[in-house]
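Shared between the two complexes below is chain A, which has chain B as its partner in the first and chain C in the second.
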Partner chain A sequence: MSRRTRHNVLPGFNLAMGYTLFYLGLIVLIPLSAAFIKTFALTWEQFWGAVSTPRVVASYQLTFGASLIGAAINAFFGLIVAWVLVRYTFPGKRILDALVDLPFALPTAVAGIALTALWAENGWIGSLLKPLGIKVAFTPLGVVLALTFIGLPFVVRTVQPVLEDLESELEDAAASLGATRWQTFVHVILPTILPALLTGFALAFARAVGEYGSVVFIAGNLPMRTEITPLLIITKLEQYDYNGATALAVVMLLFSFVLLLLINVLQWWANRRAGRES
Partner chain B sequence: MAGSVSNVATTLAKVPVAGTSVAIDVQRNRRSTEEHPAVKWGLIGLAVAFMLLFLIMPLVTVFFEAFRKGVGVYLAALSEPEALSAIKLTLLIAGIAVPVNLVFGVAASWAIAKFDFRGKALLITLIDLPFSVSPIVSGLIYVLVFGAQGWFGPWLQAHDMKVIFAVPGIVLATIFVTFPFIARELIPLMMAQGAEEEEAAIVLGASGWQTFWYVTLPNIKWGVLYGVILCNARAMGEFGAVSVVSEHIRGQTNTMPLHVEILYNEYQFAAAFAVASLLALLAFVTLGLKSFVEWKARAEHEVLPLEAPRT
Partner chain C sequence: MSIEVRNITKHFGDFVALDNVSLEFPTGELVALLGPSGCGKTTLLRIIAGMEIADVGEVHFHGEDATQRDVRERKVGFVFQHYALFRHMTVFDNIAFGLRMKPRAERPSKTAIKDKVMSLLKLVQLDWLADRFPAQLSGGQRQRIALARALATEPKVLLLDEPFGALDAKVRKELRRWLRRLHDEIHVTSIFVTHDQEEALEVADRVVLMNRGRVEQLGTPAEVYDTPASPFVFGFLGHVNLFHGRAHDGWLHVGDVALEAPDQAGATDAPAVAYARPHEIELDRYSPGQQGIRVQLCARLPSDRWHASSWNAKTTPN
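Up next is the complex of A and B:
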């Protein structure tokens, strides 16, 4: 209560709050509500028909499957990268640390054409894989690759601060009680960083599900095989099927909201585990 | 805190005669909380290999492909009128979206961090919302509002105005996807700083604006810059949302990323990668500035909330 009265000394609450709500409503809430209002105008049969055709279902399977695999790859390698950046010193470490954020800074279209050029059959890596009979570009593998690229920073950047805050006393205690390094990692370190690791995984997954730019170049975009859901929305728009596009968008929006909720719960858990007040 | 034990260990290990047994003890203890060198270098190797494969090689590819046909082709691709107009449009879009979101970010963080009110957590979640929306859906919702079939479509048409498939639509979609960047940087920063300094200024007779300019702003300047850098990078590089609301007409509604796409789909690879290399340079500048701001902020004890960035 005393905090409240103290804070009231400052001016500008009405102006700042009023502008915040006005701008939030204008840019975010009203346009987002348009998708839901348009969908409510459809009958259930129309909606269900639009979001459950075999081609759409195939796109869900690819989008969610590839996003899960990409996030899992990032959880594994992201943990290693975070560990190496926090625990060891080696030449080039600071450059490597700064480069982790590259997928945030590099426009997705640039990432898309670069990955395609690299992994296509005539590319540097693609030409090495061709004799082995492995095709990456224009197959579902290419989609996984692009989604791994764009999700890379999330796990590193969520796990890194937790690893930095980790109290070495716990590890000392475990070691002096005779634990091997691996036992200490599995029973002492991993439980502490697990919430952060899962948060990073969920963030990478959430980002991958909606991703478009880096995927469309390398995917090849064959219906039923390498067509992601966001691309299908664009295809429907180009055919003037606004109802179909909006219905699909609402499915994706609902999924992102559920995921956002899950991520908030995970972050709350991570903060509690780290002993911080949120 | 974290380093204190190992510091003690190294100091003790360096003490020559007196307390040798302690030193050895502590050092043995220290060894057992470190990995075997083979494991250590194996992990470093894995991390470097992963980043080489996924980050560095694509980056090298951009510049290699851009210069593959020589510097002449590279420069020609950048100086053709359509490329120049794409560059201009991209600068214009970022020049509008970033300041607009900066004003919002400052207003939102002032209201949220300096005052108590109900529903604060909900408001913060709503501000973050655009980050969890697919870029394609971000573009689509503006089509539903301003497109020919949309809410205001007929009205706009009657007044001979165009939002979708024109520059205003690109600006709006870009503002949407970059909406949370500055706010989400400033809110935790200003919350951590509290309101005591501002209250002191007000009590001493400063006006609200004076308090903001001379007390608040110097405290958050690196946070503001950090948010602006990230917001700008996304505004210039956005592809999906812009792709939905742009008509893809060269020289008119093509931003740099859209220009890259058109050139690439026309098999003009060298030209596509030439324009892409400019965007890759932008990414370099962004990462460099970001590291610089983090370093400056640490030096001035302005702790930036480097929680997971959700781009």
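Up next is the complex of A and C:
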């Protein structure tokens, strides 16, 4: 019996593949499956009871709702920031470019405290908004604010390289065909950067769903109103309710998975529209 | 529609891209802007299209000053070297783009757009590719689609920036002949930029030779080839032999040989160069006993200044 050996340009396929599987298993898969296995200690009724109390459901709504809103805000304003950074030259551009990464680097707790100090009723911005009747800190609005803050770099950094690669000739071509600047943006530029924009949106969203540190300070953590799911998980852990905590974690994982799957489908569709399939 | 540029000057920083260029492009002609890289030919084309603004000078379309008009208002068709097709759109949508972007009042109906696009696809002989994406086409096909897209809005002027520059030699030859036939069919005033002299001489009605931001010569392909106006044109178009010597009293001395140079009658022992095309030199067979080969030379430097001369070259055979 002769075995057909396949020749690959890059050597060491078996080693690299084995390493990849081992690494992903160790770092990602085993911890995640541990969460699932841990929840099996609960009966179905216990599980359902843990994940469907009104307080928990309210926290899902806040976490996923605020994350989606934050990611959407970032998609819009992040696109503008990326556009400005790519298209214009102005003094201090490099500093501004570096600033974008700050939410990555800043410890989230620090960000949370800074935001709270600014937006609380006696803070710099909060005191200005108070006469207008707008409260940000300790409301769902504050949660959205914190999640927007931490998600910004994802959109900017995914859209920026694509905008840089965009041929200026495409815009010249559209203009010579009579398209206005707005038409050129909507019909030529936006479809080209849409896949990158969706990627940035998905990353910002995924980050926001798991965010804890920056939110807990500004949210105020009022049950039913400004309590996010990760905080509930921590609360349960502090009460030694490990099974309840993992049950919540599993629900979050499933939600996130479904949402990311949807975004991936959207991305696939956008890619196809961008004519990049072979 | 005729195009006229007057006294165009354009700087990029310290670099002078165009230096006081004035040209006229008559209606219905296919004109080639020919020159080496960096001679300003693409800049001139982009200024005519309105994609670049000249520092000084005017652009006139059909006698009207269009200098201040925006690209969109100039209504020119533009074809790019690297096609610049919208890759997220099908071939059909690419060609329909210009029609669909028109203001609602001017926009043709859906069926009118469809008819127009299909007739353009037939014109460029690619009607079977309507549903493909640009990524699925070959280079030659893409450039023909780009041309169809530029023609969709029925421009009065067609500008082509190195349209065949990104194609391989065989396709390039096919496509430039096809462009010539297409131009004979639709007769839209066209300017195309190229650095390929063969392309310019074969396709264009007239050739504009440019060098370092200036126009060196303007004429039909035969004119610019047969009677080059300057040493640059002589060197750039076709092959040329150089004879370095000294001009003295109406004669050019190259080595032991003297050539008649009547226009240099006033010169006294000045360094001079004679230019001769390879086909203007005739070689005789070597006959034994002679010092070298007899060479017939009929060279022309600006406006037939020299006539046939002959001398014995100091080369020995073998």
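Here is the rule we use: the second predicted complex is superposed on the first by the 222 of 278 C-alpha atoms of A that agree within 3 Å, B and C clash if a C-alpha of one lies under 4 Å from a C-alpha of the other, contacts with A are read in each partner's own complex, and residues count from 1 in each chain.
The definition used in the following text is that a residue touches a chain if its C-beta (ideal position, glycine included) is under 8 Å from a C-beta of that chain, and two chains touch if they have at least 3 such contacts.
For clarity, every value in this text was computed on a predicted model and none was experimentally measured.
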*Residues of chain A touched: more by chain B or chain C?*
B
*Between chain B (first) and chain C (second), which does A:Leu177 come into contact with in this model arrangement: first, second, both, or neither?*
second
*Could you tell me if A:Glu167 is touching chain B, chain C, both of them or neither one (first, second, both, neither)?*
both
*Applying the touch criterion given at the start, work out whether A:Ile233 contacts chain B, chain C, both or neither, answering first, second, both or neither.*
first
*Using the touch definition from the top, say if A:Val28 reaches chain B (first), chain C (second), both or neither.*
first
_Just checking: does A:His187 make contact with chain B only, chain C only, both, or neither of them? Give me first, second, both or neither._
second
*asked:* Once chain A of both complexes is superposed, is A:Ala117 in touch with chain B (first), chain C (second), both, or neither?
replied: first
*Pick one for A:Leu132: touches chain B only (first), chain C only (second), both, or neither.*
neither
*Hey, what residues of chain A end up touching chain B and chain C alike?*
167, 169, 172, 174-176
*Using the touch rule from the top, collect the residues of chain C that touch chain A in their complex.*
49, 51, 70-72, 74-78, 80, 82, 84, 86-90, 97-98, 101-102, 133-135, 149-150, 152-153
*Residues of chain A that touch chain B when the two form their complex*: 3-4, 6-13, 15-17, 19-20, 23-24, 27-32, 34-35, 38, 77, 80-81, 83-85, 88, 90, 92, 94, 96, 98-111, 113-115, 117-118, 123-125, 148-149, 152-154, 157-158, 161, 164-169, 171-172, 174-176, 181, 184, 199-200, 203, 206-207, 209-213, 217, 230-231, 233-234, 237, 240, 242, 245-246, 249, 252-253, 256-257, 259-260, 264
*Contact residues on chain B for chain A in the complex?*
1-3, 5-6, 29, 32-36, 39-40, 43-44, 46-48, 50-51, 53-59, 61-62, 65, 103-104, 107-108, 110-112, 114-117, 123, 125-130, 132-137, 140-145, 147, 149-151, 172, 175-176, 179, 195, 198-199, 202-203, 208, 211-212, 230, 233, 236-240, 243-244, 256-258, 260-261, 264, 269, 272-273, 276, 279-280, 282-284, 286-288, 290-291, 306-311
*Residues on chain A engaged by chain C in the complex (per definition of touch)*: 167, 169-170, 172-180, 183, 187-188, 191-192, 273-276, 278
